[in-house]
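Every chain is named by a letter (A, B, C and D) in the order it is written, and numbering of its residues begins at 1.
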């Protein structure tokens, strides 16, 4: 049995607003094993980024409600900020969505790196910077970037630099939040590959790769978790999710993606009608039921529970069997 | 970076040119014929006819075409000839101004610099701490809302009249003869406290509010969030935020100079402090137009030079300007 | 054979950096292509390739530095004043649906504007709008009194398609219209666009960075790189037989669902510039923009 | 739908009414405005009238005491407050409007010759110390009323508005709804009005508040230097008079200080509204 780096149990994270709670993460269960890349996919507003950010940095107006997120057996949701600070960067780290302005404009990159590693009692001496240079080589960046200000670097360079900096202390778990979304297709492939490389070289223990783009996830993730409106729809290894999805939402999502051998004039793909529900003060029930053609009474009354239908394949749907027999989604 | 300074310098030269032209044009084209008023005022003075004639031929050259008058004005400007004062007849305007200048510098320079430094420190404290903010902010607002001279009056009333611990009149005691000796310096400082304090306090409010708003903005920026996610202490993040928040405050210093000068004038009037403001008041009361014009030019030159100095400082602290990534002037 | 309605002829757009400096960037460099009636053309490129600039030039939101755009044989770059007749027939949809609507006005404003400026009579206005909305699968009762922030991105883009439908346009420039939409809704918006195209004979210039969607929707594909048109032709020819190294690299970097990238292949995006240089150097015999097969042209030298 | 629910629909109004700074500021401002409007009705004396014994401390008869000439300071303040509001309204409005127009055109035609010229003008006026300009303008004007003073202030205070509005216009102009209006055949005027001006309303409103406060502060400085209205009364003139007649040295704090208290409270209330509105319009500053 491989050990679990992260084990999330019935986690609830809500945004507090004047009009009530926005239930962005509402009772989700999943785990990540050492050496694994878990992809999290879903549409905008499904809670995937909230989850990624919430795990490392819980900030107002996002509030922790209940449940656990155990990092190496320790529930990090209850930690005081000071204790959590010792875990950040070393045990859990993040490549944020906003790599383009992740740097203060008035500090040189080298100063920035020295400052943040010093916070973790690491002496930023030349030996340490030799390691930094090694990593820069890995992502094909010139060593001179260390003496630059961020404004002197291009977007692609900054993206790679953030990748290097976030993984400098060899974190157990790396959260990659939409790292490829703002990039050109060619850079996408490079960056995505790099995350896999870092894992293979044991620079990072494991990774959560968050994106709205399932096709990228299929390229690099070992397992894929599909989220819908603050709930988990389905978790399985990436081949199963793509080739044999069970949840009606996953099925519809996969079939709406363009494939390299389908042209409109020959065959028409179809999307999903409707829009995701508003998560403000939302009640019980399956949140996909409004757009699901298999929805029945129970879907409106009770939130479907996550169940493991076969080893490593979990989903939350009352009617997946009915949906499963339907080839024609 | 040379380009930045060159651009600024051009603006200042044009501004100077514009100001001089204005200074030349206003008495000539204003309704109410100020020049004949001027002539009338000189008639009362003894032995004045010769001086009046020569001064007017030089500065106004009323019998010559306008364009010649204009160039004559520039010429006399460069020879430092700003005319003769009526109120302090027959002193030269340039002489009066240069005598007042020393008092202005000794009063204004420390007040501006210290209020800027202290205001920024306090504002930063206020911006990062909600509790401090709630107590301090109203205080800052009242300070920045009060007219300079009113605040000076308050100080005079409490420290001068009620408590009688500070003198409220002049830059030194009547019995003193200005000179570079301990006695005079102590006396000078004794008189200096209240005017300094009133300028210092009112300016402080404005700087504190500006810094508070900027630091809140910087603390919410993406680079702050990234540093937080990497486990940096609040202290380090504040340091980074402060470093960036100070930039607009430097620009603000340049933009505020005009207002500060106006405030300083009224303060000097309250204390009968022999700076330019006090001179200007006397000039206005005595309709001493040469002196008014001289003061105007002098203020413009001082503010332009100060602006240019601020620009140089700004260039040194903002890498964006240094690498000319920002075309903003 | 279907007729050409728009001809882009040696189009050039330079931007100078900074107001006073003489440095210039060729955002669009000597680009020519035709748009035929009812055809879907995808204009593909990465950021900075000039694809959006071409869209803006066609929509006359920018003036070209050189070259011409002919619409029905009329040169619209010289006849710059008369915009009204042109906009009646040539329209656009932009990338960000939320930014495409003035947030302070209700949805019906976009229809009011076109009726006021382009359509002579208000007769059947309501009917026309309702028909168009139904055609894009929306409920007129529900939608028209809403504010933009109350609708989803997909709904807003459909509204803009409905707008083009009412005007019965000849050419629609769709600049990244689906890039901000979620996967589950974007394919429907694309299908809608394609079906209208076939039905009404409207031509669409589909500007995108997404090669898979470009393949799905278009008849003709244009590939842009740094302001240059490097390859153009029938979509299936370009995707199956890419000649220009840039096109080859783009196709290699598509994340294809169902087929994984080759992990052993070294992939460095910055190598491409050298590869392109070598390609231009080594193609001694072929110069310029040359046909390699029927309906497939490639840029062999700058 | 209840009133509260309706309010919740309009986010900005809802947050504005929940913001303490806005409420406190608005209440003070309105109270002072009403006082100024009905000033002549409630004023016990005329501002130039001999109202009672000179040197009188504040009392029920003379709420703010009397001046050295036996004038009722409270009545003077009531009348003076009116001039202060006039200066705020006229000077603030003028400064905002000129800045708006110049900022709009420079921003909308950014990069053009027009923009270059307008911005050059703005930058020049921005570095010329306004007070010096005001002094020389006022000094040569033989007669100055409150309106003249307000206009001079308005004509010299617009540059920073123009700069701020220009950058706002620039960012709005690049929004896609402006492009959509352009290809919908809308006129430039309509685009500036509907797509740019309307969307800047909240911003311009805040700018206006600052201009209002700025005009008031500038006018009292001018009054105090002796460049105030040659006829009439203002808060600045009362204080100038007080200081000239050595009110402080004579212990007549009510004469020199109380008018300033009213003025400072008024300006503070404006700054409070401004900061509060900033928190309202800027969601990241909203308190949860």
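We take it that a residue touches a chain if its C-beta (ideal position, glycine included) is under 8 Å from a C-beta of that chain, and two chains touch if they have at least 3 such contacts.
What you see is a predicted model; the values in this text were computed from it and never measured.
Each chain gets a centre from its C-alpha atoms; the one nearest the centre of all protein C-alpha atoms is D. The interface with the greater number of C-beta contacts, when C-D is set against A-C, is A-C. Centroids built from CA atoms put chain D at 49 Å from chain C.
Chain A and chain D, compared by their mean Cα positions, are separated by 50 Å. Centroid to centroid, with C-alpha atoms defining each point, chain A and chain C lie 32 Å apart.
With centres defined as mean CA coordinates, chain C is found 56 Å away from chain B. Residue numbers of chain C whose C-beta contacts span two or more other chains: 19.
Of all the residues in chain B, the ones that touch chain D in their complex are 11-12, 14-15, 18-19, 22-23, 26-27, 30-32, 34, 137-138, 141-142, 144-150, 153-154, 156-157, 160-161, 168, 209, 213, 216, 220, 254-255, 257-259, 261-263, 265-266, 269-270, 277, 280-281, 284-285, 289, 292-293, 295-296, 299-300, 303-304, 307, 329. Residues 111, 116, 175-177, 179-186, 194-195, 198-199 of chain D are the ones touching chain C in the complex. By the touch criterion stated above, chain B contacts chain A in their complex at residues 221-223, 225-233, 236, 240, 243-244, 247, 317-320, 323, 325.
For chain D in complex with chain B, the touching residues are 120, 123-124, 126-133, 135-137, 139-142, 160, 213, 217-218, 220-221, 224-227, 236, 239, 242-243, 248-249, 251, 253, 256-257, 260, 263-265, 267-268, 270-272, 275, 278, 284-285.
Residues 19, 56, 59-61, 83-84, 87, 91-92, 94-96, 99-105, 110, 113-114, 117-118, 160 of chain C are the ones that touch chain D when the two sit in their complex.
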